[in-house]
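Going in written order, the chains are labelled A, B, C, D and E, and every chain counts its residues from 1.
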């Protein structure tokens, strides 16, 4: 389905839901900026787009096949941008990455996606509000769109960060062995998030340092801002990864410590029991001449000596902190 | 064996199976592009090629000796390219890397390989289909060939990725100790795949940034596309490596956890048994005066106290989760 | 609250607490440098600033939202700088990072912060003392301010370093298992400190290598000095991180060694006890014909043999250093 | 000892064993290329060389002191090159690195070494064979020499690779604890090999990218070839290092697994023995009223119950795979 | 204390111990090179230097405060260099790093240090010997000074390397648990050495690649030489670090192996003892009808069966290498 909006940056007139057939005409009007949003694109849609805007067949190909890496490619007359909107969904907080393809030209923007993208509504709304800056053309919509997507990573990372604080509390406080599985689930999420952000950051870095033939100078500061947010997101992901690996180390050493403590304790108890049992064994021997056996309170003495050995050993092991 | 195809980019006339002897003549015709595919090359083939196309003896030397690293070298009049087609083969999914040497000139392409390369058929087929873009010369065949090889890495990596998901399930779910050997087998595969892709990516990166004397400008976007796929493959390999090392860590810590649990349990059971045995030991002592021994239900009481101690300890150890 | 100071770099006249309303006039006087310090800024303050100095709405936006990453951004007519003052606070030496936003123009400096910044007082004091260098304008105040903040990291890092020496002593000397928790607390502090310094260092590196349109050449050497201090702080943090990970390794291996020693000892003791118990067990057998049982000193001999076996084993295990 | 060979690249006349005294004269003849090979150099040799060819005293100094790092330095009129020939020697396959110093000028090559270098003979032989390319001067001999040395690393690395396959088989197959010592011996070898190759690769990288005042353009492709081999050797070393660290990890986890299995088994057996012993202990008690003791087949029943408990526990532990 | 030496590079006349007051005059004479060595500088010394040579107050400030990072800074008219002389001192081979500040101008060199620097004497001696190259001015003394300091790192690193060989022998040969503490002590030393060399290497790298306004071209080759030595020292440190971490890994795995072996042995011995004890326990039961008890050689048979079980188990455990 193609939804088209046309804005004349001179007269500030906004035409909603233009007909696809009129796009060619609208593009000829000076100052007109056209945004075509294609959701669930059909083969026919792709052909129409390619013909109307003259897109290179390689970029159309990339658009067709899913799971592209995030990237910005320069073609004659337009940029082709792939990026991912991230969302935690479902009861298990599964990470969902939704692909958005953007064709960005001087006075047009085409967005293609097969799943709903929240940022498109946000960008559309802001475009209306920022009408006074609308003379900056298609680049401004692109900025609003990319910025909305990039900014949406931050609350998601805050959630991950909170989860990690819980994990850490669980490690140093009330112990749960299952923490390990959760640590790996967070680790994987961060790996995917990182993969959908860092390539974009690297490309922005290159784009912002070279000549910008398509955009006016004024829009450059906006893309600098998006780049700044991208770095912030990427830095936060890296910091979270560092902290997670540190949490993992903490888990392993605390887990090792706990295990050591338990084994020391159990083995110490075994040693005490064996010592006491030895006494019982000695007086279980069948020698004919064992004076203690005949003694009136021999049994009591034996029990007392067992208690004495047991308590003595316990006290000693307590002192050296093995129990 | 040398198979030669000649295409006139002006008249779009395709001549299959040209004679090797005619190559010199064909090359003189304007617009002719020649693709000579040499499989299982003999010493004679090499000499013929070197003479006909004027290849430098160093590149011929590289072509002769196998196990070159993937590379692109610039010689006067042509590029010399080495790359590897990857395939999982045999019952044990052994990784097979097949070397392909490409000599790429303005209007000729020579491919040399000692084992069958699937991508050659794919490229030949697509060349016919893309006849309308054929005026872009030998660069286009090179693109189709390299792209076919690079794209073939992706389904292979998907297989590896699926295998890794199985491994992970096996770690957190039904436990198998042999997982470790499979993890190392996957690790080695990724190491080899990485080694056959990353050098290529690095060389493409350099080539695409500098002047391109051999190719027309229009072909440049195609090589940009190959480069993009190379990055995607390399990125996927790196992500899989990251995930594998994470799986490895998970294996180690879960394995450690399981072992700790078992040792704790066994040692706890030993402690219980020793405590109970101690009671038996006490009443096995041979003191003359042991009132309990004479008691009517002494034996029953002893047994009951053993059960009591055993159950009590079990309950306690259960509570502190040592058993 | 806005506090404004104005210095005429020609007449060296300093006007404290100017009225906000006069700023526009003061800026017109040649040689006047204005420093406006805004603490706990209100929405109204932001609007006033944006209007008076012509700040871009994106930089105002960054100023409003907290937790920006440290950065230096170039806007037309001014630099926008974000950095963090670090302080250990509270009974638990919690690390506190306080954000400071700086707008630095040719002849004005605007500082915005919501929590008190010590460096502002230091910079104000030094500005008075360095009156003879005051002709270097707003850049000099910026230098004094940034330098005061960066230099404040060093005593803080010295504290961390001392804490780490204590931890190390505790590992190789009097052992405490809780060291692990402290190591992770220091690790986290270093992670946050690093995060608030390294982005700044990287940006300074770029700024110092390119053309400087705003500052006179003479101020350049001052920013080179700040950069040098930034590198020093960042290097110190990296060294401390290296040493911490080394301390962590030391903890783990010493902890493992201690545990091993204890387990060896306990198991050795168990072996001795079992050997001695075996002798008792043998003479506890009920065979009718056991000559030793009838011997006059059989019991004494048995006890002696127990001692002999116990001492012998102890001596042997001591020799092989298992006990 | 100085051995000198002179080749006239125009007349292709080769003069073996020239007198040291004649070198000055020979150098004046147009087209003459002189190769002086100095083995076991004396102080006098160094002075002679310095005077004859005008070598800078710093490069002579580097030549005198051994254990320089591999490098290429540019002096006025010549390059000074240090590299190492690698060889496995002795019964224990000790790695031997032999230093070779090369002074490479427009029409002369001086090689200095204190131990025999195999590559010198190889290069001398090839120089004779490649007489038709001899007009490329001293650069060609340098190429032949360096290429011979670099190529000699590959069979050596193949040996290391085979050794590593053996180690891996030993880890997953028939277990030997001594593997660990061999792994470290290989690791050290790779560290030294890497150290003697990577600096050279880095310098070649720089040299090949800049202007080449000494060599003619045609020799450039030869040095490109050496560079390619250097990368290949360095890449192979890095891959081997990666695989070795992976082998090391495999060793540690398999070793841990084996140990865990053994401890589980031993502790399980101990548990079984203790359970059975408990039964014996119970019937070893001396209570007056123990009906079982009087039973006709009490003893047999007791033995049977011991067997039952033993077999039952064994069966259970087998089922949970602890034994 | 300020010691001043003046050398006229034209007349080769050397004036020792010039008066501080004469420096201004001496600097005016053409060809004069002045070296002022300031040890234990007072505030007055700093003021005098700043005034006489026109040093920037920031470099004087750096000179005053100790613990600067090694660096080279360019000021108008001179370079300001900070570097560290390393020495092992005291009975425990404590690493001592002594700071040296150098102001290097066209025709003057000022060295400032608060602790004695050996390299100053070396450089002074060599300056006299190298009188024939003295026309290369202050740069030559700087070279001699820096080179002497950098070269002094190498014997120190040889010592560290020898210590590491001892540690390794101790790990694979006669075992000492204290090795771990020594490994960490060496690790720390290497960390400090690295920190005092690598920043210098990086700065030299930048300086040598750009235009050199202060030094004549001939001195450039000397600084290239210092850079080469710096790389060599830094490379050696990195190699030692790699080898140390490898030694550390060896320690951990060998230590783990030894522990495993001991535990296996002790647990195996325990199993044997328990089996034998079980036999004693069986014949300690009090059943009325136990035919063996009445047998003439029952006791001997029992003892023999104990020995048989013990030897049998020992033989079995020896075979599976658990003992």
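Please note the rule applied: a contact is a pair of C-beta atoms (placed from the backbone, for glycine too) under 8 Å apart; a residue touches a chain by one contact, two chains touch by 3 or more.
What you see is a predicted model, and the numbers here were worked out from it, not measured in a lab.
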Each chain counted as touching chain C and chain D at once: E
Shared interface numbering between chain D and chain B [over half = same, under half = different]: different
Inter-centroid spacing, chain D versus chain A (mean Cα positions, whole Å): 41
Inter-centroid spacing, chain E versus chain D (mean Cα positions, whole Å): 25
Shared-contact residues (touching 2 or more other chains) in chain C: 256, 263, 267, 270, 274, 277, 281, 284-286, 290
Pairwise touch network: line, ring, star, complete, or other: ring
Successive chains along the ring, chain D then chain E then the rest: D, E, C, A, B
Residue ranges of chain A touching chain B (in the complex, touch as defined): 56, 58, 62, 68-69, 71, 73, 75, 177, 180-181, 184, 187-188, 191, 195, 199, 248, 251-252, 255-256, 259, 262-263, 266-267, 269-270, 273-274, 276-277, 280-281, 283-286, 290, 292-299, 302-303, 306
Footprint of chain D on chain E - complex, ascending: 172, 221-222, 224-225, 228, 231-232, 235, 239, 242-243, 246, 249-250, 253-254, 256-257, 260-261, 263-264, 267-268, 270-271, 274-275, 277-278, 281-282, 284-290, 322
